[in-house]
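A, B, C and D are the chain letters, set down in written order, and residue numbers restart from 1 in every chain.
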Amino acid sequence: MSYEAGLVPAFLIPDKPITRGDTMSRTADTWILAAQCPSRLGTVDVVTRFLKEQHCYITELNSFDDRLSGRFFIRAEFRPEVEGFGGEAFHDAFAPRAAEFAMEFELTPPGKRMGTVILVSKADHCLNDLLYRYRIGQLPLDIRAVISNHPDLESLAAWHGLPYYHCPITSETKPQQEAQVQEIIEETGAELVVLARYMQVLSPAMCERLAGRAINIHHSLLPGFKGAKPYHQAYEKGVKLVGATAHYINNDLDEGPIIAQGVEPVDHAHYPEDLVAKGRDIECLTLARAIGYHLERRVFLHAGRTVVLGN
Amino acid sequence: MSYEAGLVPAFLIPDKPITRGDTMSRTADTWILAAQCPSRLGTVDVVTRFLKEQHCYITELNSFDDRLSGRFFIRAEFRPEVEGFGGEAFHDAFAPRAAEFAMEFELTPPGKRMGTVILVSKADHCLNDLLYRYRIGQLPLDIRAVISNHPDLESLAAWHGLPYYHCPITSETKPQQEAQVQEIIEETGAELVVLARYMQVLSPAMCERLAGRAINIHHSLLPGFKGAKPYHQAYEKGVKLVGATAHYINNDLDEGPIIAQGVEPVDHAHYPEDLVAKGRDIECLTLARAIGYHLERRVFLHAGRTVVLGN
Amino acid sequence: MSYEAGLVPAFLIPDKPITRGDTMSRTADTWILAAQCPSRLGTVDVVTRFLKEQHCYITELNSFDDRLSGRFFIRAEFRPEVEGFGGEAFHDAFAPRAAEFAMEFELTPPGKRMGTVILVSKADHCLNDLLYRYRIGQLPLDIRAVISNHPDLESLAAWHGLPYYHCPITSETKPQQEAQVQEIIEETGAELVVLARYMQVLSPAMCERLAGRAINIHHSLLPGFKGAKPYHQAYEKGVKLVGATAHYINNDLDEGPIIAQGVEPVDHAHYPEDLVAKGRDIECLTLARAIGYHLERRVFLHAGRTVVLGN
Amino acid sequence: MSYEAGLVPAFLIPDKPITRGDTMSRTADTWILAAQCPSRLGTVDVVTRFLKEQHCYITELNSFDDRLSGRFFIRAEFRPEVEGFGGEAFHDAFAPRAAEFAMEFELTPPGKRMGTVILVSKADHCLNDLLYRYRIGQLPLDIRAVISNHPDLESLAAWHGLPYYHCPITSETKPQQEAQVQEIIEETGAELVVLARYMQVLSPAMCERLAGRAINIHHSLLPGFKGAKPYHQAYEKGVKLVGATAHYINNDLDEGPIIAQGVEPVDHAHYPEDLVAKGRDIECLTLARAIGYHLERRVFLHAGRTVVLGN
């Protein structure tokens, strides 16, 4: 099958106006190639030429060159136009070309649901929101476990058919608890860890192990009110906006690379408890947005910042 | 003239549907009474009963009790329904009642334009925006002078028919320059001082003299990136939102009570110069909004925070 | 108990700075008085004087006079400062004074949870969101039943311990089905009916019966794309924003008085299915916001518009 | 000059952390290639391979395939890495390759300022805003004339050193007036026409001549309140949001392809005049944003919709 004859394949041409009620999925059959490397002439071409050779039709392409750090980022959504396209063969054939550019890349097949473990404490608003999006298929997660240092949210997880691990923690048992959590992550083969208001500071070693694959939601705009009770601080300061920040964790819990931020107006009549309530909505939305970007391989990490392509 | 007979005055009843094209001003003939005092039973009644006795019809009323600080705030827009209403007589008659509640109050007649001095440096976006709103009457300012430590913006002021004072400043001449600025403020009788990107840190003495009547625009959300070049800091941190904060100045230039905040989404592709450009719009809008609240006597200062009623 | 001696009651004065971690509820012990009447001198005073006489401390007060329609609206949150305050006695004592102003009023005690029936179809995002807010007490609802023309959402209701009524509907059985729904509403004593994506056009008679106490969420900004599949229309038009509108129902299902609206940016890459997904979040938030305003008696209906005080 | 040796050119590697205060322009030396054609395998490759061959380094690349209409859109910002790069030679060499894909393309050199004519009536808020952005270089416009059917805004244009043409119009003289306007557009060689609150409906012939290069600002969200006085309609409807729409004109003045939309919350206390004031800010921002996208060649027109890449 080839388009060299200049023909547009029939399925690309709607033979009638869009019938309302039909929804043609934009991504149901598309693969994603995400890559980054040092800036250098030919970085785009090495990707796009290869896709062409492999008879892959690019449906969405975004690249960005960060002149300030000399780093190049690219993300392509594409649809193979050949029978028997195989991800492994593609990967192996592309690897040597990528190597010439010191390019790191990742290939993601359509319909991939990412193995995920969710860490929570007692507050359930983010968990409730994520499980809803998971249940209706809006976020292509494959949730393997919900872990908490409290027993409270077990029935919520159970209703969604998810295993729940109660791993209590004290300052004394922290190393053992983290080992326990780490074991669950490894045994379930989770690629993503979501801290959905987990409220615990991870040890540097744990942060290190989860670098680039653990997303936290911080209940404040960063930089901003750090430490405990940011909504109380916000009230005392009389801010007119409150916000939330979703970020990859790093050693400094609330200081990792930012993926998404949300904000909402407030006023003097918002007591700390009202700010907390406002914050719940923003936290849910911002965390869900960040996870969506991560799952769609839109987020690139480099030099402590993220590049989010095509969001 | 009295409504005690139960009659609604004719002008309050539109005898036909709103004719499109008519605009009936909501505030052209309304006075404003703004007051605050310690929380105590009767604080509302002392205001509203007096207004009733004076045959003043309240068109908008907002009060707020801050339980956390034990402070009460009230703002009433009203329209006298009697011939010969006089602000001075009203003031004198109300003063002893207010005193019983340790109530501070301010009475503002309709159409009052507030005497204002604007301080600028070289950046003209906020000045340009304010002068436009001044010119079309959107902000009821009576601008008496534009003062700058640079000569650059003279022609902009001149085009609007405004006197421009070039008061250069160095670290050595700061006391003299501030005295000069203070003199202009006093001679023009300005009640309001707007720091429209003035870029100079005022001395504690100057801050003290202008307490509660000088509004600054800070090019960052507060708390947030402090110090120089917040947009560069925002870029390095990879924030997904930038914002601006309008606040009353206090001794710590960028830390005064917040009046208004604005925000706009950005992404990795916004270099510092792009963030600066984004920031210009937010700064203009946020400063104009804060000045509007101040002119309408919506802003109350207490304990380092503002209460903004009915915005 | 009286404050006439000029003393501020001790509990109003925090004797120490706010301890972070404490949350002093702003409304846990406050009553709400909401009223409207024709514009006329004394409308505020009749309310505030009575509250003073009854030893009620007003913690938040908002009034608005709509000059264009000659109508006055007022809402007061207050805290009785006497032992043995009773709503019924208050009501009876205030009624004759209100009558002099042709004033309609409603008194709501603290902690009141409003009897509510929720109508749904198959889509569960709004229901899921409302049940969450109900469960954590963010919305003081007393949900008495979930009614649907489909059986799909029964387990969701069941998990929250709520009765679920499956009332199928066809064009032939519409009158009977509406009678059935009406009966449930009446038997449960529900004061509020929420159409959380119910997808059925109510008959004029049903609309009439539910006037002012049934809130619908429309998946578009109004006015805007009416009729079926507004997200498909939005896609074809290439809009850069999508929104939702929460409103009281009236005879024209999607045209009732607007209570709240929400909006989110989109772009060309949002296919109809993506717009639907974006819409889910906005619909949830906008509906929850509108219900919150209604429960807090902030919404006043007059002449086909709403006035929302102090939101 | 070649990077085939695998070396990253020195200027791409910052040898020190970004010095705050430096701003490295992201686009000062970049060309733009914008193209569209029917969807077909190889559409990306034909562009990116050519850029590689021409030693052009791509700094930002975005492509989008609209599956629903079978159309492909691409935009590349690139920096030639060779001496003596010439746009004309590039164009001539690329044309035959583009032709194979029925690809329309446009090449824009760095620093290009687009010849522009602005049409206004009496309202000056958008003009004032655009002239400010023009003056500080934020919008790379080369404004050749301001045309109005009223004399009022001459001094504003004059202060910016711009020729002002007063072309009055009546229903009788409309054809002659449009001919006059058209003549000015042609004589000045303007590529872009901005209707900055021009308030006149252009004739179909005029719309036809200006297709794809005339941007209008409509003072409402579209679809929405059409016809005269949308802010009055918005007030009567009691909307909680007002907005503005910037779009290319077509035969139906307020119905052309949407480029950008803005929105702001309002409430019952916003009388029509207040909505007009709110609208001014949104109109300015939305129009400026749309013009910016157009100047940066981000906007593609197809089938009555726009695709806006990388905004």
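The rule we apply is simple: contacts are C-beta pairs under 8 Å (C-beta built on N, C-alpha and C of every residue); 3 or more make two chains touch, one makes a residue touch a chain.
Fair warning: this is a prediction, and the values are worked out from it, not measured in the lab.
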Along the shortest chain of touching chains, how many steps lie between chain A and chain C?
1
Could you tell me which chain lies farthest from chain A when each chain's centre is the average position of its Cα atoms?
B
Where are there more C-beta contacts: A-D or B-D?
A-D
Could you classify the chain A-chain B contact as same or different, where same means more than half of all interface residue numbers appear on both copies?
same
In angstrom, rounded to a whole number, how far apart do the mean CA points of chain A and chain D lie?
33
From the C-alpha centre of chain A to that of chain B, how far is it in Å?
42
Need the CA-centroid distance for the pair chain B / chain D, whole Å please.
35
The positions of chain D in contact with two or more other chains are 18, 24, 26, 60, 64, 67-68, 235-236, 269, 271, 310
If we count contacts the way the header does, which residues on chain B are in touch with chain A in the complex?
64, 66-68, 221-225, 235-241, 243, 257-261, 263, 267-269, 271, 304-308, 311
Flag every residue of chain B that touches chain C in the complex, lowest number first.
2-4, 6-9, 12-14, 18, 24, 26, 38-45, 48-49, 51-52, 55-65, 67-70, 74, 81, 100, 310
Which chain B residues qualify as touching chain D in the complex?
18, 20-21, 23-26, 60, 124-125, 128-129, 132, 136, 138, 159, 228-229, 232-233, 235-236, 269, 271-274, 276-277, 280-281, 285, 310
